[in-house]
Amino acid sequence: MAMDKRAQIGARIAKELKDGDYVNLGIGLPTETANHIPPGIRVVFQSENGIMGVGPAPANGEEDQDMINAGGGFITALPGASYFDSATSFGIIRGGHIDVTVLGALQVDQEGNLANWMIPGKLIPGMGGAMDLVTGAKKVIVAMEHCDKQGNPKILRKCTLPLTAKGRVSLIVTDMAVLEMTPQGLVLQEVSEGYTVQDVVKATEADLIIPDHLK
Amino acid sequence: MYKLITAAEAAAMIKPRSRVCIGGFLAVGAPETVIDAIVAAGTRDLHIIVIASDWENRGVGKLVVNHQVGSAQVSHMGTNKEIQNQVNCGEIKVELVPQGTLMERVRAFGTGLGGVLTPTGLGTVVAEGKQVINVNGRDYILETAIESDFALIRAKKADQAGNLIYSKTARNSNPIMAMAGKVTIAEVDEIVELGGIDPEDVITPGIFVNYIVLSKEK
Amino acid sequence: MAMDKRAQIGARIAKELKDGDYVNLGIGLPTETANHIPPGIRVVFQSENGIMGVGPAPANGEEDQDMINAGGGFITALPGASYFDSATSFGIIRGGHIDVTVLGALQVDQEGNLANWMIPGKLIPGMGGAMDLVTGAKKVIVAMEHCDKQGNPKILRKCTLPLTAKGRVSLIVTDMAVLEMTPQGLVLQEVSEGYTVQDVVKATEADLIIPDHLK
Amino acid sequence: MYKLITAAEAAAMIKPRSRVCIGGFLAVGAPETVIDAIVAAGTRDLHIIVIASDWENRGVGKLVVNHQVGSAQVSHMGTNKEIQNQVNCGEIKVELVPQGTLMERVRAFGTGLGGVLTPTGLGTVVAEGKQVINVNGRDYILETAIESDFALIRAKKADQAGNLIYSKTARNSNPIMAMAGKVTIAEVDEIVELGGIDPEDVITPGIFVNYIVLSKEK
């Protein structure tokens, strides 16, 4: 995905964050969020391998071999950070103490189901911490391209890949749109510049509720 | 991020029938300033979750003496005659819980678990009415999470991020209960600047702490 | 119980300890054990409220309000000590990491059952950490007077009081005798000076196996 | 009390089909010196319990590349193509375990619990074949303790009592696995005198540590 689209998604997700939020960003696209925190908003980033208070990546040559995030990238710690073991880290996650987690997805569906950890017969990376994060975080935001590399919809009526968790997704932010899970179903809330509602509907398999402000 | 409040403000949050974890062991590590404020507020019919009922003039014992406790989950009452009297006359309903089981049940709630399987209590009255599950040839009692509305804990020091460290054996149940309150209120001796606690030394990360009250004790 | 009998029980139990053992002593009579550790033997004492490496009681006026043992008595910490929370402390205990625990008893029976936490209708102090200790420690030693204050046996065929744990007692050390739980039953191993085997049998309700060396 | 041994002596204790917890996350905090000794010993058919299968040239990945792993309980294999190949061709049998669940199952064994109830994995393949138990209106999966024979962990520093402290995010699974080995072997950068670690700062009390190996890395 082009850098400007990645930035657009990150900036849109950052607008969801509130002052004082504790946030866990999945690897890849979700990390873009950290580059767009609005002024006046202070959020604390956890990495599930055992740190609260993750700072920016270190300068070249200043990497500490014992300081990585869950994606294996080098990090720094901000003042007020803390280190803890993995059981405590997932206690924080599963116990509902993380306000927002942002994760990538292979598929999402209109029931809020998420699939992001395996493609049978092809890729078996494992779920790592994703199942705990999606199960435990107060708000689960999916950051992804609207369609896969072949142009097929990733937002489906029903996920066909093995699930990461059932009914836990709150918000989907893609290059084309912002979609919100509600008790009534998946609501198209925003359409990105350069696209029409019809473009989004066409690129989406799931049934979408189109609110008045987009009609 | 925590908010600094007074002990009276902390006490005012707690209502009749609130389920309240209170840290400390025989009153060592108990949040005495907050407890005193609850005594002053006079809120009755509290459900307390504590290791011990402490002494009549220290720790949660003061709530008992002031007839503010309606029910308790507790492992030891031997140092407090008043709670035994109130239990015997039916004023307080008590569930006695083995201490290790109590800590796991509190930890379970704080860490999103529904419960744990423990061998402690097998073949005793503690097992009565509970499911026994065999794992790898050994029996275990299914002990479920203890839900709580508030955790009132006591720490030595907080930093501006709400990270906590404790003092010696005053640590005891406090870090476990800190995780378990839907609202966690930490009474601390002092608050230091950001960076004033080494990230390696933090026992309770600030994410668990909603409110801080300064202790009158030190 | 007279001081010399307490000392005798403590000294006898101390002989059971091996170099490097981690030991938890219950309150009251069991603490006497610490005064009789044989030379050349180094043991580490845990107190279940959250310390490993308990040292002797502090001198008068040197008490630290944050340094108590599970009985509420003031303690010191030896070099190499550690503090931990109560969940870790009982993780140590229940996880089988404590080599020896010494506890008092109201009743013990010939099946290794122990009752030491309540007398229905009379005393309900609660089990505190006793159930976890008796369930988890590798070796459970009971330290007690052979009979109760009325002279009735405390070593029974079957406990009548609510149990602390089933079948976990390894050794019973009293003012009159040392008794060992074996797969065959309760074996009378030693008779204290001033008593005969018949004295012990008379003061004991449980069936005792009398080995050849005492016949 | 721990005994100081060489990495080769540590490796010699581990036999085919030994169940071995190995600390570290993407090889950060992995006991590389002990792993190298196991590679040198060539012991095959190991059962490893690890957060991740690390990299092909770092951490437990080296055991995989040398075909010493027969089975694994692991949460993430995405950084190691070789393990995926060996799983696909049936050489390694893998149980994929969500990371938080893995830690609780390892902790359960170390702390004498038979298992825990977790919501993680409900409605997914992780729940297949497992008991689902409802507590206070919520469903949970019963996840049982993972038994292990050895825990191989990595710490920064030990004192003469075997107490351990760690380094930053290299702490990760190490303190949990330290509790869980029937035999726990800690690889450390240095051993300091008794009293060289403040009792407040100890992360792993020495009671959990049976053997110490000095790391060649630092």
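We just call them A, B, C and D in the order they show up, numbering each chain from 1.
We take it that a contact is a pair of C-beta atoms (placed from the backbone, for glycine too) under 8 Å apart; a residue touches a chain by one contact, two chains touch by 3 or more.
Please read these numbers as outputs of a predicted model, since none were measured by experiment.
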{"item": "If a chain touches chain A and chain B alike, it appears here", "value": "D"}
{"item": "Of C-D and B-C, whichever chain pair has more C-beta contact pairs", "value": "B-C"}
{"item": "Inter-chain centre distance, chain C versus chain D - centres from mean C-alpha coordinates, in Å", "value": "35"}
{"item": "Distance from chain D to chain A - Cα centre to Cα centre, in angstrom", "value": "29"}
{"item": "Averaged-CA centre spacing for the pair chain C and chain A, given as whole angstrom", "value": "55"}
{"item": "Chain B residues counted as touching two or more neighbouring chains", "value": "104, 107, 112-113, 118-119, 166, 168, 199-200"}
{"item": "Multi-chain contact sites of chain C, meaning residues that touch two or more partners", "value": "51, 77, 83-84, 90-91, 93-94, 135-136"}
{"item": "Pairs of chains satisfying the touch condition", "value": "A-B, A-D, B-C, B-D, C-D"}
{"item": "Of all residues in chain D, those that touch chain B in their complex", "value": "104, 108, 112-119, 131, 133, 135-136, 138, 140, 142, 144-145, 147, 165-166, 168, 199-201"}
{"item": "Chain B-facing residues of chain C, complex", "value": "47-51, 64-70, 72, 75, 77, 83-87, 90-91, 93-94, 113, 123-132, 135-136, 162-167"}
{"item": "For the chain B and chain C complex, residues of the former touching the latter", "value": "25-26, 28-29, 51-52, 74-79, 84, 87-88, 94, 96, 98-101, 103-104, 107, 118-126, 166-176, 203"}
{"item": "Chain D partner contacts - residues on chain C that touch it in the complex", "value": "19-20, 22, 42, 44, 46, 51-53, 77, 79-84, 88, 90-98, 135-136"}
{"item": "Chain B residues touching chain A - in the complex, by the definition given at the top", "value": "1, 107, 109-113, 159-161, 163, 179, 194-195, 199-200, 202, 205-208"}
